[in-house]
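The data blocks that follow each hold one structure.
Each of the two complexes below includes chain A, the first together with chain B, the second together with chain C.
So, the complex of A and B:
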């Protein structure tokens, strides 16, 4: 039964027009579309929610890690490491020391992702 | 192959608290980054979050140290510990000692307030 079906399919394939010779302008296909800022933001928010001490309801781009989200210095480090793990990059110490708000972190990650 | 000097850091003394604080945060960041690595190489049978919590606890223990000299030594020790951990200079049992009290949840609570209360003391 299966063999019959295969055979008939093969016959049909052979009959199909071989080259319908449609010449198109070459299109480049990317494996993944370039990442958008919205995507970075939503993924960053999801990653930040894993930080235990963080107050989720106050999570916005303008939120300051320590003043608004109620994190202490160690929690802030944890939050940034969570972001690093989510986006698979390593934020150098000098830059992470300067990052004070969620927006700054998202901006930096977005810039880094675009470089790839 | 392990490079003996990998993750090594020259010991130095921070003269001011803000600078020391910064160095501590850098060390903490390094610990956090490599926490998954610790889990992997020592085959710790626990979630990474558990290891992270333990690292946090060890840092928190020294939170209220005021003496700058003591803090400097503690940071130095922390850095040494990090180097030993990440270079796989320890064995699993050494790492598991940190988690000794993990299963002590069943210990009897010495505070028998409720018992006395029920007895009417």
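So, the complex of A and C:
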């Protein structure tokens, strides 16, 4: 019985270097790739298209909500709430008041997404 | 120096915008379904639009106070927090481990 055990141990030792050769350098797998700014932008545009006042306006990053897109203050709030729903975050009042253009909103959301 | 009190100042529109945002959040907290929430947002918007013409500062103040009282009454006891944000259930669940040695000194 012990001889059998010794033999099986010897077989394992013989096989060990083969197994070591198969193991390659460790690769790290991410559950989700880190979000890119392009992705944030495209998702933000998709979300903004759902706002009634923005449906057929031309969206760019430089567009000012009130001057270029012709929204009033409540429409702007609706647009930002649509973005909040899309990205599942809550923009505080103080920052919402500061955000004037689409690009500023995208920048803020990108910074927040990177913190996760 | 007498200055006419204007209803359409930037500060006032910010206050109203803040109330509107708060109203939308309250509606989101209280509506279980997304389509119900959408219908509710349209109603809220209509209520805000109905008071758009107000140009009398005292009337504006009374309307804002009434809106505040209503929002305080309707405030949800257990509001929604996005999971990954402060206050959420997933917030800081997996904090990265500190990379410096845990026990200082030469071992």
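Throughout what follows, the second predicted complex is superposed on the first by the 92 of 116 C-alpha atoms of A that agree within 3 Å, B and C clash if a C-alpha of one lies under 4 Å from a C-alpha of the other, contacts with A are read in each partner's own complex, and residues count from 1 in each chain.
Rule of thumb we're sticking to: contacts are C-beta pairs under 8 Å (C-beta built on N, C-alpha and C of every residue); 3 or more make two chains touch, one makes a residue touch a chain.
Owing to the predicted nature of the structure, the values given are computational and were not obtained by experimental measurement.
Superposition model on chain A: chain B and chain C are shown in a clashing arrangement.
In the superposition on chain A, A:62 makes contact with neither chain B nor chain C.
In the superposed pair of complexes, A:89 makes contact with chain C only, with no contact to chain B.
Once chain A of one complex is fitted onto chain A of the other, the partner contacts of A:98 are absent, as it touches neither chain B nor chain C. By the touch criterion defined above, A:38 lies against neither chain B nor chain C after alignment on the C-alpha atoms of chain A.
Contacts of chain A with chain B, set against its contacts with chain C after fitting on chain A, overlap at residues 73-74, 77-78, 80-81, 90, 93, 96-97. Remark: chain C residues 13-14, 16-18, 20-21, 24, 41, 45, 48-49, 81-85 touch chain A in the complex. Here chain B touches chain A in the complex through residues 21-22, 25-26, 28-29, 32-33, 52, 56, 59-60, going by the rule given at the top. The touching residues of chain A, when paired with chain C in their complex, are 73-74, 76-78, 80-81, 88-90, 93, 96-97, 116.
Residue ranges on chain A touching chain B, taken from their complex, read 73-74, 77-78, 80-81, 84, 90, 93, 96-97.
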